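Below, chain A partners chain B and then partners chain C, in two separate complexes.
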Partner chain A sequence: MAYKKSPQAFKASINAVTIGTGDSAVTLGGENVMPLYTFDAPIEHRPAVGIAVSDTGIRTDLPKLDEFYEGATTLLDRAQKAAQLKEADFLSIVLDAADPNGDNRSVEDCVAEVKAIADAVDKPLVIEGCKNVEKDTELFSKVAEALQGKNVLLLSAREENYKTVGASTVMAYQQKMGAESADDINLAKQLNVLITQLGVDPGSVVMNVGTAAAGYGFEYVVSTMDRVKSAALEQNDGMLQMPIVTPVASEAWTVKESLVSGDDIPEWGDVEERGIQMEVTTAAACLASGSNAVILMHPESVKTISAFVADLM
Partner chain B sequence: MYTIIFKQEDGPESKVFADTGANLLELAQQAGVAIDAPCSGNGTCGKCRVRIMSGSVESKQTMHITDDEWEDNWRLACQSTVSGDASIWVPATAADFKKGIRTAGLLSPAEMERYLRDTGRIFSSGLTRGVDQTGLGVAIDIGTTTVTAALIDLASGEVKGKASAGNGQIRYGGDVINRIIQQSRPHGVEKLRHAVREETIIPILEELSVQAGAATTDITRCTIAGNTTMQHLFVGADAQSIRLEPFVPEFLELHGKTAADLGLPIAPDAPVVFAPNVGSYVGGDISAGVLDTMMWDSDELTLFIDLGTNGELVLGNRDYLLCCACSAGPAFEGGEISCGMRATDGAIEEISIDDATHEPRYEVIGGGKPLGICGSGLIDTVAELFHCGIISPKGRFIHDEPRVIRDEYGTAEYVLAYPDQTEHGKAVTINETDINNFIRAKGAIFSAVRTMLKGIDLPTSSIERVMIAGGIGSGINMANAISIGMLPKIGLERYGYIGNSSLTGACAMLVSKDAENKVFEIGRNMTYLELSTYPGYMDEFVAACFLPHTDASLFA
Partner chain C sequence: MDKFVVIGERIHCISPTIRKAMEERDPEPILKRAKEQIDAGATYLDVNIGPAESDGEELMKWAVQLIQGEFDNIPLSLDTANRKAIEAGISVYNRSKGKPIVNSADAGDRIENVDLAAANDAIIIALCSKSGVPADNDERMMYCQELLERGMGLGMEPDDMLFDPLFLVIKGMQDKQPDILEFIKMLTDMGFKSTGGLSNCSNGMPKEVRPIMDSAMIAMAMQQGLTSAIVNPCDKRMMETIKSCDVIRGANLYADSYLQL
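This part shows the complex of A and B:
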């Protein structure tokens, strides 16, 4: 009997969420098939790749990274360099220095810097906080106000601060928000329910359902993303149809494989190569599991993943 | 060596000698001074508050002691150690459990009557009455929190006396896990045994014999229902294996025990029959309770839920019985709830909150001023707060409003009764931690139901009857319990409250050898599902920790 292909396109689809404005705007999600299953139905918006720049500077032990950012002394400089990378669909500003337990940079300083970047680059912007709930709440509110009209994505609100973040970013200034939960489909859905009950349009929300570096309990990530997509598409669960944005950089570059110098463990080889491999592997796994966008730190990783996506589309 | 004097508000003064570094709570327990410590001295429950009258102790301030109270020399006994001579004042509230023992009537007679339902129904099913012994018999339900007993004339089946008291072990921990840990400490076996036998059961037996105008030695037969841990602690068996993987208890059934073996002051050769345990966390209280539900003799698919200090569930009918325990915790008995209490006088058992004004209206057991909230009141409170939009589906307060007050740490609470409206002059409130504990408890129950149904691949709608037992109180509002996702959404007419099924089952076993054999048969035929290692249970649990549920369609 001849092989008969039966495409598995679903009636339900993932929400399409656009960030940025004009020609450079990028749309996340929108597909009605399982991750990367272009053979079931066309995927209009290919998974996006973002490049992250942190306000705490760059690592000095990675020569290729140094070379890429050569001459860039400020966050604005680095952001401009990163934005020029044509493989990057969007730029993510990571405001690590705002952490009260770290440099404790003032909200005003952070906002002024982000504003300057927004004026200087035309790539869509994602703003990542410092992971301190109170500080992030204030940061997101102020950034949303300062970048009115830029359609930026604030990453991300958590259960502790979704009310303020939702009201002050999406509802007041029509920005996009992320909803962050820790590798649990139920917690992810619960947060989405809470956010939409607040009056936030589900079409303005993306999810960060959590990730891990490849090999660090990544089965949980696969299982969570996989089930989120199944529920969204097969069961038409509107509270799980938000596209998934996964900040891979912060996980991939903080494990020992990406930190220990090649001088310390010669048989492991060059640390930069290792880190890039870690980042690429993790990002590819996230995309295969259901992420609609990944955020990476190393320009080499961005190029590799961008080519990977292009090949699959 | 220093001298420590304990002055009890409602008891005698005790003097003990101790070295530097001795723990105050342990000293009090040694001295026979009753201080509750449901958390077994971890500093988490805040129940062991004492006041240093003179002298000094080394102590650490915890969240349970405010700065003002600290200044006023209030300390947690479990967090204090001896550093010199001291005189310690022990308030009456430190030993709530004693109240039950003194009055031997934690439950009102009417309540006992209701709990101890006519065992006649059990004997209309083909089981016959009759045992080898004559004279009086006593059926005892050893609960983790409350011990209840009935004295019965073995020949006529007439109830000659009823009594209940708080389980004296409560000062070694509110839940079974803490008690098992306490048992493993030096002299733990004897201490826990003494607390339940000498301090609880023997006074009850004496009270019962007074009621019946008989001697305790006239009692010639005894049946005991109790969870697996309570049975282990009572007979002095090592309970560690209940707590540790693979969770296999020392024994499921005990045979051939007499009163003399167990140190009970009834006729020495009186047989003591223990209702059989099914697993580590489904014990004889459940096998005896199943007898009472009659589900073993019915074609209807029945769900039996015992909401005690833990939640146990049995699902099945005459063809099969599936059971499991879920760690619901003591919330339904008022435990781990700041203003929680059992369903006795002074407990708010019913609440409604005005949708517009958000003002509460409540019913108090006994009709007086409120002292606290019992399990059924808690269900109503959470349901009403949720329906009025005062709390979010996660159980957090949404807005600040007149009755919602925030403390300095940002934890909000809803005031049910202001200090001038209560019996004890302290506000009765429910805070976010309480609501969170409650949501976990209700999530544990509901996810257990879902897991069992999944295990036998049946839909929720196939449940034809739900029987609720336990200390939650008959005032439980099933519609509210369903609306917050604690119980499955099926017709209200299928729900019923059956009181203390464990004691009723033990009574039937007391007067009928036939019923005794039936309980053993039930125990052996039940399939035990260990949820802690069951794949998918945690997912179900997290999904159920939301109001009403993460999958709202289950309650639509």
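This part shows the complex of A and C:
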């Protein structure tokens, strides 16, 4: 009997959420098929790739990275260099230095710097916080105000601060917000319910459902994203139809495979190559599992994943 | 797995308020009941205009346009013995949120309502009975097959047929209850969708007992695979039971606020 192809396109779809403005704006989500399943139905908005720059500087033991950012001494310089990378769909500013347990940079300084970047670069912006809930709440609120009209994504609100973040970013300044949970499907849904109940338009919300570096419990990431997408598409669950944005860099570059120098373990080879492989492998796995966007640190990873996506679409 | 479908039963001309509103074409009481049911979680609303022999066509058109116009084309179940009224209702019905349901056909006098549904690309509620209460499940299954053959012969998809096992009142027909549950399982095993006027089971019981009995019955029926029911969505205990059962059987992903969704 001849093979009969029966496309599995769903009536439900993932919300399409746009960040940035004008020609450089990028839209995440919108698909009505399982991740990357272009053979079931066209995916209008291909998964996006972001490049992250942190305000704590760059690692000095990675020659290719150093070369890419050569001459860039400030966060603004680095952001401008990163934004020039044509394979990057958006730029993510990571405000690590705001952490009260670290450099504890003031909110004012952070906001001023982010504002300068927003004025200087054309790409859509994602602002990642320092993971300190109180500081991030304040940062997101002030950044949302300072960047009015830029349509930026604040990544992310958590169970502890979703109210303030939702009210002060999306509702007050029409920015986009992320909802963060850590490999917990029930909490992922619950956060979206709570954010929506505040009055935030579901179309302004993306999810960061958590990730892990490949090999570090990634099967939990797969099962979480898988369940989220099947609820969103098969069961038309409006509380899980937000696109998924996954910051891969912070996981992929903090495991020993990406940290230990080749001098210490010669048989492992060059640390930069290893780190890039870790980042690329994790990012590809996230995209295959359901991420609508990944955020990467190394320009080589960005290029590789961008080519990977282009080849699949 | 699809979520359980609640067909709200409260727009019914047996209610004096609704009957009066229908007679006088007064939108307010009807819209109020529609809103209450939608807010409570109804997927479909049943619109029962009674026999409506004289002005059924015009009345059904009015009701369909009134309710769909006000509530974003919520899908409706058109409930009357007047076939022309159902056709008239379908002629003005907006399908963007779901096909209309024809309520209902049986294997007896009302079998032609299957034809009506088939001709109008509608869903049919197919009562597995002919005249009176079926004696046993063999008889129910025979009527089910008759209705199925009729529908499929006219090109209907089996998914557009909601088979009704006929819920029976517990007070007086207690011994029949296991049969009904077993029949639902038979329908489920054959891959058919099902529905029914579930609250009939608690007819005649004290007011405070009915929601408890209805909730128990719906939980047991859902376990057997019942896919929808014509019920009062404003019965909070029942809706909580349905939502909880949907979580347990995996039709809805759990979140702490699941009862509010």
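Criterion: the second predicted complex is superposed on the first by the 313 of 313 C-alpha atoms of A that agree within 3 Å, B and C clash if a C-alpha of one lies under 4 Å from a C-alpha of the other, contacts with A are read in each partner's own complex, and residues count from 1 in each chain.
We take it that a contact is a pair of C-beta atoms (placed from the backbone, for glycine too) under 8 Å apart; a residue touches a chain by one contact, two chains touch by 3 or more.
Only a predicted model underlies this, so the values are computations on that prediction, with no experimental measurement involved.
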Ask   = For the three-chain model obtained by superposing on chain A, do chain B and chain C clash or fit?
value = clash
Request  = Go through the superposed model and pick first if A:159 touches only chain B, second if only chain C, both, or neither.
outcome  = first
Key: Touching partner for A:184 - first (chain B), second (chain C), both, neither   = first
Query = So, does A:193 touch the first partner chain B, the second partner chain C, both, or neither?
reply = both
Request  = Enumerate the residues of chain A that count as touching chain B in its complex and touching chain C in the other.
outcome  = 185-187, 189-190, 193-194, 197
Residues of chain A defined as touching chain C within the complex = 185-187, 189-190, 193-194, 197, 227, 231, 235, 237, 239-240
Key: chain A - residues contacting chain B, complex   = 159, 163, 184-187, 189-190, 193-194, 197
Request  = State the interface residues of chain C toward chain A in the complex, per the touch definition above.
outcome  = 1-3, 251-257, 260-261
Key: chain A-facing residues of chain B, complex   = 392-394, 398, 539, 542-543, 545-546, 550, 552
